[in-house]
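Next come two complexes, and both contain subunit A; in the first it sits with subunit B, in the second with subunit C.
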Partner chain A sequence: MTEQLQPSETVATGAKLTVEEDAAGVAAGRRLMNLFLATGLALVFVLMLVGLLMRLSQAEWLPLDPAWFYSLMTLHGAGMIAALVLCGMGGVWYLVRREAHMDVRLGYAAYGLLLGGVLLVLAATVVGKFAAGWTTLYPLPFVNPTWPFWSTGAFFIGLMLITAGFSVWSFQVLEAVMRAFGGLRGALGFDLVFNAKAFKASGRQPPPAQILPAAVIAIDGLIMATASMLLGAAMLVRWLDPSVGIDPLWAKNLGYFFGHLLANYIIYMLLAFVYVGLPRFTNRKWKTNAPFVIGWWGTMVFLLTAYAHHLYLDFAQPVAMQVLGHVASYLSAIPVAVVTVYGAILLVWRSGMRWTLGSLFMYVGLAGWILGGVGALLDATVQFNTLLHNTLWVPGHFHSYLLGGSLYFALGWVFQSLEERTTATTSRSVKWLVGVTVFGGTALFVAAFYVAGAAGVPRRFALAQDPSASLAGVGSVGAVVLIAGLVLCLVEGLRLWRSGRTAPVRAAVAPLLAGVTNVGEVQGD
Partner chain B sequence: MPATTEPRATVNALPRVYLLLVLGAVAVAVGIFAIGLPDPHLSVRNHHIQHVFFILGGGLYGLALAMGLTANKHGKTWPGRGVWLAPALLASLVVMVAMWPSTYPVIEANPTLHALQHGFYIVASAVATFCAYYFARSAGWIMGGMQVVMAWAAAFGFGVNPGPSPLIAQVAAMPATASAGGGAAAYQNCVACHMADGGGMPGVFPPLAGHVSNLLAAEGGQEYMVRVVLYGLQGQISAAGSSYAGAMPGWGHLSDDDLAAALNHVSSTWGELPATASAPFSAADVQAARGTQLTPQQVHELRGRLGLP
Partner chain C sequence: MDLQGRVLLTLFVVSAAVVAIFVLIAVRSRGPALSQEAVQGPGYAVRRWWFFLLVAVLTLAFGASLPFYPYSRAQAEGDTVEFTVIAQQFSFSNLPQEVPLNTPVVFNVTSSDVTHGFAIYDPADRLVGQVQAMPEYDNQLRVTFTERGRYTVRCLEYCGLAHHLMEGGFEVR
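Coming up: the complex of A and B.
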């Protein structure tokens, strides 16, 4: 049977698709998301082991040659960013695909470009021992390098491929949300703020909550890609032609603009999982209202200028840029954090929420997200930055929100998807074990960074000194506990997955499954 | 499914197409004649700004062409034709790489090649915006904007040697000192923290001015100073009335001569030594101190044992 969509839906999808065709497209989108998530999470796990090696070396428990340390550090930084970006890209792609038609082949193209980039970075660092750090401050990669010529080029080409993949994704997502929600004006909810009465009177609905992060990251993503491609082209030309000069301050601005934004996209992009996932545990909808929309506008605008807080100690930088970095850091993070946390509390408060592994990861992830955000804001405050700049406080805050926030959001989404496919549940003891190992291990791991950073010891990565050497030992223990907890999660996830494949799907949603392959899709949100 | 907009009304796109063509021609003309740019062939920066106009013109041509071809297809998009994005992105990237600054003298010596290079910018930019518009309407404008911004930003750093920074100028202007023998040059290793005027950074990096004289006057002060530069220092200290709790890296990788020269420079500039005093530090002093390896914490303990300020 072929059923035609309603006219408004035809505009949203951009083509006259049938319900069956669209359901097949959504299912294909889900498979794409699964591929992104599986690749991203596998990379995260492997690179966690690399991170553990570095921490063990800093604790002086494992002898590691400094040249190897810096190679592994470059791999860990670039790889983790790419891995979590993969998780976020796949998730947002699928969530947008449920609202508007998107060509899945383009999604695979973005995936292929990213994977190609990751493989080149892997080759450059592991085989070629490229060790200039993932932010690659010019002219460091070209001054008396201890690594071969080819590995510098491979690293930059890898980063360019990652940027190209992100650009493809950004263009596609932006095009889809603009098509589905009435251009940028509709996708960003302008009428909800500026023509509120008329908007309500017309009976129109604001875009779902997850569309805001999708649109904001796609817009800012293209701006980031502009800077990244330019810097990448300049570096590649400099690699091939040493006579080409590059202004180091210009390169540092572009490099941190790119690096800061890409890392921040992860923490904002993966919120889409929370906006869609958390309501499923509470049977309440995450509402898109004016404060929520304004919060995301703040992120969209000020995220672009907050990077300047990385250049506080560059005295040649205009003072206005330093002030902008300070102010923009607050404005990019606080509004959206307030509306998100307030929304999450309202969502859960007296909702009779089901505390499964999925919901636990999402809710605890919000705590890590906020904690890391506060740590970042402290570091972005000029008065504190004079003490914390280039200390272990920096990895402390970004591990808080990337590991204790964004990764938890991704894991929460995965567990939620698994839990919805089966009648099996996670036992109380396993939930406690996961809580103690994963959350406890993470807390110990990041606390060691924070304490060492607060002691004001500037980082010398390969040779940490007291108190950070002893604290690195504490952090290493935390990392081992965390990794053990993640192995437990993997076992529990496999158990739920196998159970879902054999057990009958939940009776309540089974009748809705005709023509659609996944429970999550039918629930629709 | 989401709430959506009303279907677009059919409008005559031809006036917009003509307008874009005219604007594109103007932009290219500006690029060719370099209006307002003083002698573009002498400056990489101005040369890049010239490229901005070519890329802007080409982008407008591409948009006009795409708009003309799709003028009667309002309300439709091409979700299955995402492959158009590939040439769009590739063209943008190739334009950037083609701005190879060190080739300018070679290319400028060959006017035909130079004209071809600039023509390539126009064509590649047109291809990028055409493809993006054809793929997703507004994305064409975004793609064009990205290219123009990239070319504009390139003008300020790609192929451009760094301008004189106040800090470097300050170091370059430092007077010759009693130490001579490269002391000022060796001190450049210290400038980033202790500053060219020896004032340090209040609360972060301790000053040398007003502090080194106390160290030199104290018993064991000279030996301590040698070890600080060799092995670094970590821990709470007091300098010129302020407290500091940071860490200074060791500079043992520098030669004995360089370290002695830097110490002599610091001593003669801020140590209140008589002008006729001979250099208090020698390379032999530094070499002798290398005999016993210390950690930055041990140097801090040494400071405490000597009762240094």
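Coming up: the complex of A and C.
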């Protein structure tokens, strides 16, 4: 059960801190999270406009030169992943900081590395017109490039900086949760499963729910970063010395290992917001019990192994790897459906939940995650993959869970934070309007991808032919409606923020704002 | 309805069911609140069945898909006709002019520069099969064509600025 511990008990430090010192540290952590979130969400919004440009071009409403289309495509892919990773990293950093002392300077260092990486990617694609796609399959960046030499290096160094920032974050988060919860054994809740009776008798409490994604992503993150840096170094050597050869299949495996994991980390990191946020709306607790921790152990393994489904059509790959990718992809659905989403449903069911923009985004985000997951499972079935691979089905499923899932989790957290700082509420009509525009726009945008994918329309095509162009038009309309809805969210968010700055803060949430308390202590309205 | 159509229909049906469940739960959240303990007991019992149901569905789906794995079938056998195709920016070399009807055909696909895709579309522009075309590796795609007509081959792996123009074709007779 996610019993909330007192900060003085949980904050494990090298040097003992007073409660006041720790409160200041948590408040600093909150400011760091806000910086991560603000940067990430601003990038998401700008890159959404870039994505809209691409769909408008495919609809033949605003044709782009292919050189521009493909460099913007490269920017959109790498940038969106980095932007959402920023949101997740900031959120988890703060939620872990509430439980254990962490040096905020390291958090800023991770942020700086990521931002530096994003700026290099931006320079490589927008200025240098680097256009090898964000997954950059070797040897494409080096064969007949139409972009300058420097932009290839800038792109890879940019991705390596992003990985370096993620590594710093992973080391710090892992060290903090291990220190605070009794090593890996405690942070991953082993005793809850293997020594359940003794654990209960000892009176010890399991880690809060949000610590599991933090620990799992930090562990897997370090494995991913190792592989990614290895590939990055190989690419840089090849960039500097054209006589060096790299095995294309080896590079492809590492490239998809990196890309698949980073994209999935986004979902699981931002899930921590839901573990903390949803209980506040339902006045119930998210429990850390044996099925919950077992589910996260499974996720830790399946995340690392499911990437192989990206190489189903490489028949030169050992068949055992194809089977592994298939099985791991299917198994990864179980913790999602049985533990997290089902757990959320139990939390909401007949709870008298408060329906605000914050809770709406989190709740609908869970549905978006499931719908994207169903699309992914179908694509992860080898028989279907031969017909769906590299069609628009693929952006269909990952937009479902990144846009309609992960981004909603982040927006839900932002609105929850704003709502807790003010007595002002969002009107029913605004909530409906946001629902229709944001959720409706997303559904239309994503459905156009799925239908086109089933019709065999290739992804990553600068020009379109029927039915692709007309479906791209439908998708563009959905994207415009969605963006209009997000602008409405921005206006409403600013209204709540301004109201929170002037209105008296509710007594019930005052301790939270000071950053010295945990979720369970401020439940209820 | 072709296989892709059935897959799309499956997605939409499951999506509709998921949305309906989420709407139902949201509606029921608005009534009189129950304590967490009151919900938890029956909820955990249902979860056990949900777990077994999901495992059963996934196991069945995995088992049912195994016979359709293309890997062992990709090997050339007795009566097959083989073609070697080389992809390069931005065309396919050695594509046959004609391919026999109702005969197993194996395409040995490779690339002389970057990674490409080798995707075959039937005369109605439906995708019937694909494989990756990789430098330094051969990938085999086995297809038996049961309809006459002009088939189009497209690259489905992004390979450079003219990627969308990379296509070829052959006649099935």
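In this text, the second predicted complex is superposed on the first by the 488 of 525 C-alpha atoms of A that agree within 3 Å, B and C clash if a C-alpha of one lies under 4 Å from a C-alpha of the other, contacts with A are read in each partner's own complex, and residues count from 1 in each chain.
Just so it is clear, a residue touches a chain if its C-beta (ideal position, glycine included) is under 8 Å from a C-beta of that chain, and two chains touch if they have at least 3 such contacts.
Quick caveat, the model's predicted, so the values are computed rather than measured.
Asker: Once subunit A from each complex is brought into register, does subunit C clash with subunit B or fit beside it?
Answerer: clash
Asker: Scan A:P63 for contacts with subunit B and subunit C and give back first, second, both or neither.
Answerer: In the superposition, A:P63 contacts neither subunit B nor subunit C.
Asker: Answer with first, second, both or neither: which of subunit B and subunit C does A:V168 touch in the superposed model?
Answerer: First partner only, subunit B.
Asker: Output check: A:L249 vs subunit B and subunit C. Expected answer is one of first, second, both, neither. What do you get?
Answerer: A:L249 contacts both subunit B and subunit C.
Asker: Thinking of the overlay built on chain A, is A:A316 touched by subunit B (first), by subunit C (second), by both, or by neither?
Answerer: In the superposition, A:A316 contacts both subunit B and subunit C.
Asker: Is A:R204 touching the first partner subunit B, the second partner subunit C, both, or neither of them?
Answerer: first
Asker: Shared contact residues on subunit A, subunit B side and subunit C side combined as an intersection?
Answerer: The overlap between the subunit B and subunit C interfaces on subunit A comprises residues 247-249, 315-316, 386-387, 456, 458, 460.
Asker: Can you tell me which positions in subunit A touch subunit B when the two form their complex?
Answerer: 5-6, 8-9, 11-15, 99-103, 105-106, 109, 160, 164, 167-168, 171-172, 174-176, 178-184, 186, 204-208, 211, 222-223, 225-227, 229-230, 233-234, 236-237, 241, 243-251, 254, 315-316, 386-387, 456-458, 460, 465-466
Asker: Can you check the complex and tell me which residues of subunit C touch subunit A?
Answerer: The touching residues are 3-5, 7-8, 10-11, 14-15, 18-19, 21-22, 25-26, 28-34, 36, 39-40, 43, 47, 50-51, 54-55, 58, 61-62, 65, 68-72, 74, 89, 113-115, 117, 119, 121, 125-132, 134-141, 154, 156-165.
Asker: Per the contact definition, I'd like the list of subunit A residues that touch subunit C in the complex.
Answerer: Interface residues on subunit A, with respect to subunit C: 66-67, 70, 131, 133, 137-140, 143-144, 146, 247-249, 252, 282-285, 291, 313-316, 319, 322, 326-327, 330-331, 333-334, 337-338, 342, 345-353, 355, 363-364, 366-367, 370-371, 374-375, 378, 381-384, 386-391, 450-451, 454-456, 458-463.
Asker: Which residues of subunit B touch subunit A in the complex?
Answerer: Spelled out, the residues of subunit B in touch with subunit A are 1-5, 7, 75-77, 79-83, 85-86, 89, 92-93, 96-97, 99-102, 132, 135-139, 142, 146, 149-150, 153-154, 156-163, 165-167, 201, 203-204, 234, 245-247, 249, 295-297.
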